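Below you'll find a set of structures to go through.
Shared between the two complexes below is chain A, which has chain B as its partner in the first and chain C in the second.
Entry: the complex of A and B
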């Protein structure tokens, strides 16, 4: 407590307006009021050491946020009134929004729920208040994203049932299982996973690519949301760094626990970002930067500096970072190739890049693209031109942990698929990598529970045994509207008519019978 | 005369999202609807929580209340985040004017020491009650499944933090921002016999598991007796003790409580009406908790307004609960 009769400084005043409202309970036991604080083994010796990552009283919060909302909704209204969707670079861009609304927006809502819970769990009131503010911010993001994309939903397919799809569609189990994993963990792991690994280390590789993509492609609604959310995100990142430093400073026994979480959540985040890499390299008509460039700047450089800084706590860079760094030249191509083949089971369209786009990829990926990917893509383009658009009707094997099909290759040989398997209590489990296999081995009792979409289809739990029934009935993907090749799709035709061009019927996919 | 701007009109292919259309038909939806319905994950959860192996994520069984559809509980204020912060920004602007006015004229600093002490002893300790309410509503926001219900609780949680901060600022005005008055006031909360029944009650709510029971106790029963007692009856009484200026600084709380009745009433009505089993369960909880809340507030009433004021608010609460087919021990007016 400060010296009496002296005016409080800002820091102490904020503490009086937040944590000082808490008290040492005497009618109930502290461990009964905060039952989730200790089971993870994290030792907190002194919550008063918690540094408030930002000092925002509620009156200021209401005021600033209301100003931001007012501006944001003025843009949304103008965008809708002027049919702003007609001014985007190309309708292919909207497919990035479909991926965002079904893959990312539901995570914002899950984050709201997760932060509301941990905003109750900690016995440190300073940390609770910071988490609650993030909870209501995440609710904001979940809701404003619905509003930002509402107009697109009226004019394009595939945006019409995001939350329903998020619970069911095969590739959406990748982001969903990621967040379920964090939310089912204890409060300290949740913050290490989401506040630190996700918000602090990887936000520039998730949030920023989508928002920059919007800026480069004339999407005024989404980019305005992005700018409006920026100051929220800055607060969330500050919380992420404070959390990790606080836990590490509290007790040396916390270091190995946190290291294991950083290893786990780095790898889970890296796998999840394959979807973003694919979006950046393939789904943006006007490209911002290549995925490899983004990874170099935002992970290798910025992340490198961060982990250098954390060295003094005894933290080393995440395990398998070398594998991830090497994979930056491969993952986006491998992911797009997969989505192209399974485009009959997605809520967005896929296509082969045009010649100038292939050239861009060759230039950005001189070591890998021409050698491993371009010939395959040119072959598929040729097949499509001859009326044989390729779809793969065999369901893929999924990794038990990240739930991505086991499509990735070995670090030292991009011609060999990376595959690991172990037998646990008489059952065989499959993995895409050592990273995912290690995560399983640490907590097998958790990952054996995974709801793997392919297994579920084959077990008959998805309203049908054939892909077409699953896709239409269970996923709510409208066949022939939301899915298949972009060229000749209703979105494509509508775009051509907006731009005053005739659709070329010869181009329209003659093989839309894949499923 | 009217002018007509020609626009390039485009026919939409659908009016709203599929999950909104399934509830309300495919017609233009309100911002509240698109922000509030069926956004949360409902099925195919991957793992069970390490912190509660009895339940899944987003598990409706975290309360004993059963609803055919939790989305029957909606917000009459139609608050989604943007509408919520917009409304509160206006309220805080008015509060800021009042606080600025009092500060500039040092209205609280000029009060007799005895009156200042009464404020620190009888009013400011409620900031701790607000923090308890903040925690309880954050729990309900995390446990409730439907977004219409969860969002009302996170708004309520943040409101309570804000109200706790306004109460704290009253003390900071008295002590000239040194914090000494807040320390004094916290001492009453911790040790003064006047506050111990209420502190025990708040601590008891902090170990409750069922989030709907918790919301009922916190937002209906406790607030239902405490807010009218403190911010109506005690406000008048303080005026009689030459502290009428404080009224300006608690106007936010009066406006806020009046508004909060709209959603708590709508929630009670929908839940009680959904089934006889729900109504009976609510009745059991009220029978258990309402007398405890009344007893916990007695010393505060006795030290200020007199017990009749508390009995009056108790009767008001009884009248209110009657509308939902529920009874409490207050003598209904």
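Entry: the complex of A and C
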């Protein structure tokens, strides 16, 4: 029999390849097939109300992604063949990549695992398909990021064992525990945490700084990855907004549950982004914008409009948003000061800003930098110049929830730490803030198990009692190569020799680079 | 509140004192000296005296600070877990009521960090 129309139209194809993949069970109960759908208390009355954020089917998905991939890898090859690493602004920039590769790329992989799992948990086929596609996106991002940066691994230190470090190194427990927290939650909380709070509300604060930072600093490999991920990110953001609106429209009982998740995940995301703030203000030789400016545009303005829009569902802006907004003038300096003093235990180098960089910070942070931070940094620079580069040789107290050292200060008094402490079932717990303390009080059973790197070292679980052994044996950080001060490091020396050679070889070429 | 889960969700705290092989954790915060980014986390013996803790643990930790030489820690104002506390140099930490994961705050009046910026 002749087939009348071999090609399905888009609408039919979409229907066949998504919603029609589902069926009504006849001999098993629906709640047995989807056992994780209801325990969080979220009530879904009608899955058919789910609006698919992107009318994308699997066959089209593979086709688009394959095309993007082909172009991406052609550029990676060209970058490697042309020794693209020699054209970056300064080798200090590579330290931002070391942070990205150990801190962010493994999160893409964790997101892949998370979406793959929740894609199984929903009884609504539309949501399952969207999660499945995002899972594959995240896996691809994790892989392409590693490939984008692998060229740097041939020429700079500290990039050699990112996955291992992610599981062990003290500051990497911050991003790791963030995603572990989300992945061990129920499926609706996972989507609120990652799709909404992270991908929709905060993702621009991660992606724009890193990708514009790459562009401003001549890192074409990473910029190209950014472009190739952009259309995926747009899809993820749309899913984030759809998820939240769908849950809120389904039942009014969902509103307080979602509000609590938004409060929690806004705060956790904000704390995690301290690392990005410090990268923007301190690790980019050519600066894009200050962290405070980024926070104003991407959170205060965009986030403000979003939460205004969500008001009609009964959702208010996240708790402690005022604290976060105020902290935009502090966190990057506090984080960099922390990494500077623990620079013997990091896989990247740290340094004090040069004079023009300090002036830039003074200008971007007129209320806070000169008053609270510049004297400290100038003191450290002076100490270093006199042969006493400052390192803190004692381990820091960590927050039980975000796992960052308790370095943050009070909103009303930046000279005092916003430390909080409680006793729960006879044990003492310490926190960096009310935000983290509240998260603990909501779900103490979850955070009493926190694997706090400092405490693990002191319990003897990290292959040694002294920092040097832990750093080299347990973290796989090569002492004297990956860690310590940038000035005088092997990376620094290599960069000087690259630049020296280049100006000898082709003088006309280097003036073009500068333009 | 507690965790919403499909089963009885209960775990032992990971940092109970038994896991520290006879030692305990002690945090010390020296306000207005934010050159040290956070309170220190020390591993100490419960039968160490308070005086020994100052001499052998705290002083080496803060020695790089320009205020360190001027600080009279024993004569300073102390708090233990947020409550006012009068130290006895000869008493052990345990007998001073300093238990596992306690935090001491020591305020040295008149010392306000690098250039008076609380650094």
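Points to keep in mind about this one:
Basically, the second predicted complex is superposed on the first by the 485 of 515 C-alpha atoms of A that agree within 3 Å, B and C clash if a C-alpha of one lies under 4 Å from a C-alpha of the other, contacts with A are read in each partner's own complex, and residues count from 1 in each chain.
Keep this in mind: a residue touches a chain if its C-beta (ideal position, glycine included) is under 8 Å from a C-beta of that chain, and two chains touch if they have at least 3 such contacts.
For clarity, every value in this text was computed on a predicted model and none was experimentally measured.
In this superposed model built on chain A, chain B and chain C occupy separate space and fit side by side.
Contact with chain C, but none with chain B, is seen for A:427 once the two complexes are overlaid on the shared chain. When the two structures are aligned on the shared chain, A:21 is found in touch with chain B, with no touch to chain C.
In the superposition on chain A, contact of A:438 is made with neither chain B nor chain C. Using the contact criterion defined above for the overlaid structures, shared-chain residue A:65 touches chain B, although it does not reach chain C.
Applying the stated contact rule after C-alpha superposition, one finds that A:372 touches chain C and leaves chain B untouched. In the superposition on chain A, A:186 makes contact with both chain B and chain C. In the overlay built on the shared chain, the residue A:458 is in contact with chain C alone; chain B does not reach it. In the superposed model, A:177 makes contact with chain B only, not with chain C. Judged by the touch definition given at the top, the superposed model places A:7 against chain B, while chain C stays out of reach.
Once the two structures are overlaid on chain A, chain A sits at the apex of an angle of 130° toward chain B and chain C, using CA centres and rounding to a multiple of 10. Taking the two complexes aligned on chain A, the least Cα distance separating chain B from chain C is 5 Å. Residue overlap on chain A between its contacts with chain B in one complex and with chain C in the other: 35-36, 39, 186, 446, 449-451.
Every residue of chain B that touches chain A in the complex is listed here, in rising order: 7-8, 10, 12-19, 29, 31, 34-36, 38-51, 57-58, 80-82, 85-86, 88-89, 91-93, 95-96, 127-128, 130-131, 134-135, 138-139, 141-143, 147, 150-151, 153-155, 157-159, 161-162, 164-166, 168-169, 172, 176-180, 182-183, 186, 189-190, 199-200, 203-204, 206-207. For chain A in complex with chain C, the touching residues are 35-36, 39-41, 186, 334, 337-338, 341, 371-373, 375-376, 379, 383, 388, 390, 392-398, 405-407, 409, 414-417, 419, 421, 425, 427-430, 441-446, 448-452, 454-455, 458-460.
Per the touch definition, chain C reaches chain A in the complex via residues 1-6, 9-16, 19-21, 23, 25, 27, 29, 31-32, 34-43, 60-61, 64, 66, 81-82, 99-103, 113-115, 117-119.
Across the complex, chain B is touched by residues 1-2, 4-8, 12-13, 16-18, 20-28, 32-33, 35-36, 39, 57-59, 61-63, 65-67, 69-70, 72-73, 82-83, 86, 106, 109-110, 112-114, 116-117, 119-120, 125, 128-129, 132-133, 135-136, 139-140, 142-144, 146-147, 150, 153-157, 159-164, 166-168, 173, 176-177, 180-181, 183-187, 446-447, 449-451, 456, 476, 494, 498 of chain A.
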